[in-house]
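Right after this note come the structures.
Shared between the two complexes below is chain A, which pairs with chain B and chain C, respectively.
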Partner chain A sequence: MDTLDGTEWDVLIVGTGLPQSLLALALSRSGKKILHIDENGYYGGTEAAFSLQEAEEWEKHIDEDVSAAAFSNISITKSESAVSETTPSLSFSRAYSLALSPQLIYARSTLLQYLVSSKVYRQLEFLAVGSWWVYSAESDNMDNGEPSISSESGPRHGRLLKVPNGREDVFQDQVLDFKAKRALMRFLRFITEYEEQMEMWEDHRTKAFPTFLSEQFKIPITLHAPLLALTLSPSVSSQTTTEYALPRIARHLRSIGLFGAGFGSVIPKWGGMSEITQVACRASAVGGGVYVLGKRLSCIDGPTSADNSEEETSGFRLRLNDGEAISAQHVVGELSRPPISSATCCKSITIVSSPLPPLFPPIAEDAPPPACAVVVFPSGSLPLDADEQAAELPPIYIFIHNSDAGECAAGQSVLYASTTLTGEKGFQLLKKAVRALLLSVDVTPAPNVLWTLQYEQHPRPLISLLALDPDERPLDLLTDLAFDDSVLDHVKGIWQQIMGDSAGDFLVFEDREANQGDDDE
Partner chain B sequence: MASHGVARVSGTNPAIRSEELRQKELEQIAAYNNLVDLVNFKVADRQYTVEVLDLTTRLLNENPEYYTIWNHRRRILLDLLLIPSSDDRPSTTLYRRGEELIHDDLQLTFALLRKFPKCYWIWNHRIWILQKGELSFNSASARKLWLGELQLVGKMLHLDSRNFHAWTYRRFVVAQLERMQASVTDTSLESVHSTQSLTESEFAYTTKMIKTNLSNFSAWHNRSKLIPMLLDERSADSAARRELLGDELALICTAINTDPFDQSIWFYHQFLMSTLSPKCASQNMIVRDLSNQDRQRYYAHEMEYIQDILEDETECKWIYEALLHCASCYLEIEGSTQAFTVLDMRGWLRELKRLDPLRRGRWDDLGRSLDIS
Partner chain C sequence: MADSGATAQPKPSSSVKLVLLGEAAVGKSSLVMRFVNNDFQENKEPTIGAAFLTQKCNLPTRTIKFEIWDTAGQERFASLAPMYYRNAQAALVVYDITKPSSLIKAQHWVAELQRQASPGIVIALVGNKYDLASPSSGDSAEDADAAPAAEGENPEEEEGADARRVPTKTAKAYADEESLLFFETSAKTGMNVAEVFTAIANAIPETSLKGPRGVGGQTNLGRQEDNRVNLVGGRTEGPKEGCAC
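So, the complex of A and B:
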């Protein structure tokens, strides 16, 4: 078609972020006329992945349109160190696929089940998330068996302690004493059926989780950090409630072993959730959906008027950014525009010249090699200034993806760091964390930072159906570090409203004939 | 049916069946019964042919638990393995045909074991086949055969580390390999060395399985069986023996402290305690020169750390049972002690009765035998 002007659609989907793309996938066999647009020149929206060049263009472009943007304060720093034969350097731009919103997907997540039932899983590859580490500020004075001589010459650094994944890890741990092991095991036994033991935690629901651990399980303070780490909580530890923490720890522990011994979550290969958005959109296109990038919804002219019927009008007349007038029965997008909201977190993407092997020990015999490691800096472990109250700072999470993830050149790794401290201080904290991490890993030659991208992220409203009298509560989707299944519930709700009675099963499809020949993984 | 907390995955069991499905099943049942009748008839008629062998294959694929059919199959195979070829071909043909038959049955049992890993008859038949195979193969091929079995059982245990059939089979295979090496050359250094390494490697294998899953009864059990052999092969002197005992006690202490609720760990603890008892047979003893004072020290140490656990965990019956057991062992050596009193023992017995009321009779009996009730 030459122009979109005057076209009529059943569904207009605005934006190719993950929720929109999953909706498009859900509608891909419905036979509905779907127009799916994205204002960017790329797919993925807030879940997009960039090559180096795309990241640089993004940095330049995004400052042009500040209003209600998802990202702000973007800057790229390239390594200044001299490039020599021995110093590894940045590879070509397309060797990198850097995810703006990397997430873990837990094994029990319904997302994986839906990707299988909708048959698109064949186009995706998933890699295991391996060890979790917690940073401890106590400096390790016995580096390599030799006492570190002076703390003046080298920067002080702490060490990384592995988080136990279950009973057998606790059994083999050399650091914990018996009392600590017993306390931890009591908690692990509790968490496997915490829903049936309400009396243990009912009174502590809204109280701080660390307090709950001390009072109910006598867990020593040194063990609070690993347990809090498993919650991926963005808040300061004293603000993380028991009712928030328990289901998240349970999710983590219950997922272990589902896909293979020793691990409980996966990441998609090639650039985080962006790969899933692309596969979903592709499936929608195969089903007849029309895709146009660089197209924005400019304004909503009003409802379509029914010709002669007495039925409720249920469509809208809309205008796109080049003046095209279209109509659509349903319109879905992040439609409730919140007032310009302040950023809720700072993120950085750092390319590092080493695959950091000590952080990727094999998971278990015959388990797949890990492609992702999680490092957590608990609140209080990294002060910004000498007199700063470190305990008030939120935790920092760093996902490390090695080159198996297909997001960087071989021999390098990508550090995705995030924290809910915003502004300049947030960026400083992230830099500090990345530096501390690299110092506490025993790698020769010492790894270099090759390239850094930093940005602030703002909360996004959930996608919703355009309505004549909209519900005026834009709900925020906080950027969770692990995929939240409620996103799928939300998408399903919208899908049901669009499909009405002809809904059928959500995201359950038969193979298209063309796919019969594909190899099954 | 759950086995020790691990759900058993059985075949599908549809609660609601459509009429169509039911009809289909009735047809399948009729076909099966016909096949059974046919096989039984032909075997009774002594038709030990390849055709009837194939019929048994079909039947066993459907129902490997029907052990009589395995017996029939062996009768047929014995006959087939003995039949000379019709024309006077050299014996290599016979050898090759025998090899084929053995190979086929190994494949059959392997495929069936994947589906039914706990069926006694399949394991038995496989052993029979291997023994027949060994007779007709030369020693190098026979050894390869058993090494292949070791690999197979390793894979089976990887799929289900608690399958005691596989563990028993593993011990059997290891014994065969060791027997073969012993008979090849008694004086060859190589065979002695490789025999030794099998026990060591088997011991290391149990360590690995335990570290993967503490609740592995069979791994702990195998370990207990290997220790006496291990000590003999190492020609362990008293110091080395004490060191091994110390290491094992430390290992089980860590395990108990990690998960006092796991029964398999306590079983191994009981095994270690049994080796300390003066009533233990000398070939089962780990340390052979224990004085009564040594024994008391061991018992007292065990009781001490087990009692420590009561500070944090009062609802674990195994702890009280173990304390009573250790106490009675201690008292057998020396009637009186400062370490604990009869009141302590009565207290432990009370807790045991509280935590495990269904076995009240047993605990009353224990109280009487310990003379503390």
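So, the complex of A and C:
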């Protein structure tokens, strides 16, 4: 009875990453018989979140599995400082829920809209992303700068400058001179309706964004970094194009204030996107979907014999890793095996012994307290070696989650760092950035690094429907640092193909439970 | 943190995520049906898929809204449970008092919860199908121990009135050792069913209801948390023209 052998399904979904889980959610009320499997012993795929112990198991086992090509060069470092009664130390394993692919979700993202319309938002909690900071290597000498939060004395280190949060902030800024302010204000006015002003940027479309800022708006170089930061661009600034940057900055600014004053993006509590994948799978299970972990699609035996010739597309005969033969009308997953690809980014997750309060100033009156801060090291701000051209190095992004995010013990914080420099140099750069960040935050006692996980991430194919003529779409939308709505468009396309004419509205459901008219929400 | 009781609100209300675990056919879904609808079906089909139900429990000082996640029918793949008990504040681990093997399975679930679930989780061990036991059978541990049901499947046919195979004492001792709440219930007669849920509600530490930082506390859906972002608040006229880029 514990075997799947001989079972027939309408849809087999392979993998429990975010796209697959959203598809499962979309199909959860369709009445279709769904089998949802994952080769791992955990949910979430590349979006998984781990306790310390799970992370250690992951580190040990992933290298055995060649097919798990999403990650490589994983290693964990525990603080080597002697454990005494007074030094802060790690809490128990399950106090942590560390996200492998943390992303910001902008308030205007259709993801949030769909989580609401499908009612699964009731099982989720979202927390505000507060301040954005840009690292500057120049030490803090001319300080009247209230944007700087570093101490005045101490060793030579850089400082963090707060990115103005919209036009009011720029207006009230004490540091900017009048000319710079005016240029910046002009740009911010332009970006609110940049789509209508093609003539302003048409010529710069594929050219470097900083050049556009200088030539078109006379924005001083010192203000390029904060604007580039808002793009979350993985590339060096000279390769970040205007057509890439404008919509992303616009998305940032247009999202501010949608769910409360002063912030424009949110993170899910308890482990980032992993939480969304699990909530989506749970909803699918409640709808009758069957979930089996540690199960892999090992081969496709062929189309099911269509002797009764009623339908042409009568599905597939499939084999799972334990030899179980099943059949399914539709098969969805990361089906096109990625070619052995080189990594696209290095990431690290660092647990720090301090809540780093200076990074989390209140956002605004009435706004919820922030649980996430963003620190950006612009390309060029951190040289790797003396002889290395720092300008050639890509930027480093660090998301700092405090313990409100439910991912670490109280009094600590988690630093999620990433850069597109790969290999050993990428890891070195991340270490350097984490150290620079901690030095530039003025807290007593000084924060210690308690634990670090580092890994390289590889691009993944988008999920696709199994067809006899596979269409190759090696796309990778999930290594972006902010959730990309086109993931949902893609999932919707697959959902439509499965549902055909009876599709109805995508991800629009009633509450499962009549709320007995007691709505305290 | 808003302090309850400061204003003239009614009673503070909080949601508690409760997951139901146990071997197939011990009566998990029946317990929930009794609790939620005060209803019992004699020969209920095995639950297909999983179920989600909610029910309120009124305590003197607060109202607890249980969100009940039933893994019914999928125990055999054991893959649903981890996702279900993630961030759960309470678990109801059910066995059948006429089937000793179901207690063993329940003990496995308890061990797994203690290893994997939220540290502060409240676990209740529930021996169901009390209606199949004769009134005093629970105390006479001896005859139950001495006569192990060969294959406890249909014991009542041979043994007459008393089909009990798990003495109350045995299960109670185990529950005490592991600090679990313990009840014997009958979903059929309704005996002790409401009591189980009330006991769980009372055992949930106030702190895990108060705020998101409480041990194992989560999804306090009924209340607006201070630091939660409200996705359906006043301002949501439209993430419509979101700029997908």
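Quick notes on this structure:
Following the convention adopted for this analysis, the second predicted complex is superposed on the first by the 487 of 521 C-alpha atoms of A that agree within 3 Å, B and C clash if a C-alpha of one lies under 4 Å from a C-alpha of the other, contacts with A are read in each partner's own complex, and residues count from 1 in each chain.
Quick note on the criterion: contacts are C-beta pairs under 8 Å (C-beta built on N, C-alpha and C of every residue); 3 or more make two chains touch, one makes a residue touch a chain.
As the structure is a computational prediction, the values presented were derived from the model and not from experiment.
Of the two partner chains placed around the shared chain by superposition, neither chain B nor chain C is touched by A:137. In the superposition on chain A, contact is made by A:281 with chain C only, not with chain B.
By the document's definition of touching, neither partner reaches A:69: not chain B, not chain C. When the shared chain is aligned, chain B comes close enough to touch A:185, but chain C does not. Once chain A of one complex is fitted onto chain A of the other, the partner contacts of A:250 are limited to chain C, with no touch recorded for chain B. Between chain B and chain C, more residues of chain A are touched by C. Once the two complexes are overlaid on the shared chain, A:218 sits against chain B while remaining clear of chain C. Within the complex formed with chain A, the residues of chain C that make contact are 13, 48-54, 56, 69, 71, 74, 76-77, 79-80, 82-84, 86-87, 116, 118-119, 212-213, 218-219, 221-233, 235-236, 239-245. Within the complex formed with chain A, the residues of chain B that make contact are 158, 208, 211-214, 254-255, 257-261, 305, 308-309, 312-313.
The touching residues of chain A, when paired with chain C in their complex, are 1-2, 42-43, 92, 94-95, 106-110, 112-113, 115-116, 121-123, 125-128, 247-248, 250-251, 254, 257-260, 266, 269-270, 278, 281-282, 285-294, 368-369, 371, 403-404, 406, 410, 484-486, 489, 512-513, 515-516, 518, 520-521. Taken together, the chain A residues at the contact with chain B in this complex read 167-168, 170-172, 178-179, 181-183, 185-186, 189, 218, 261, 364-366.
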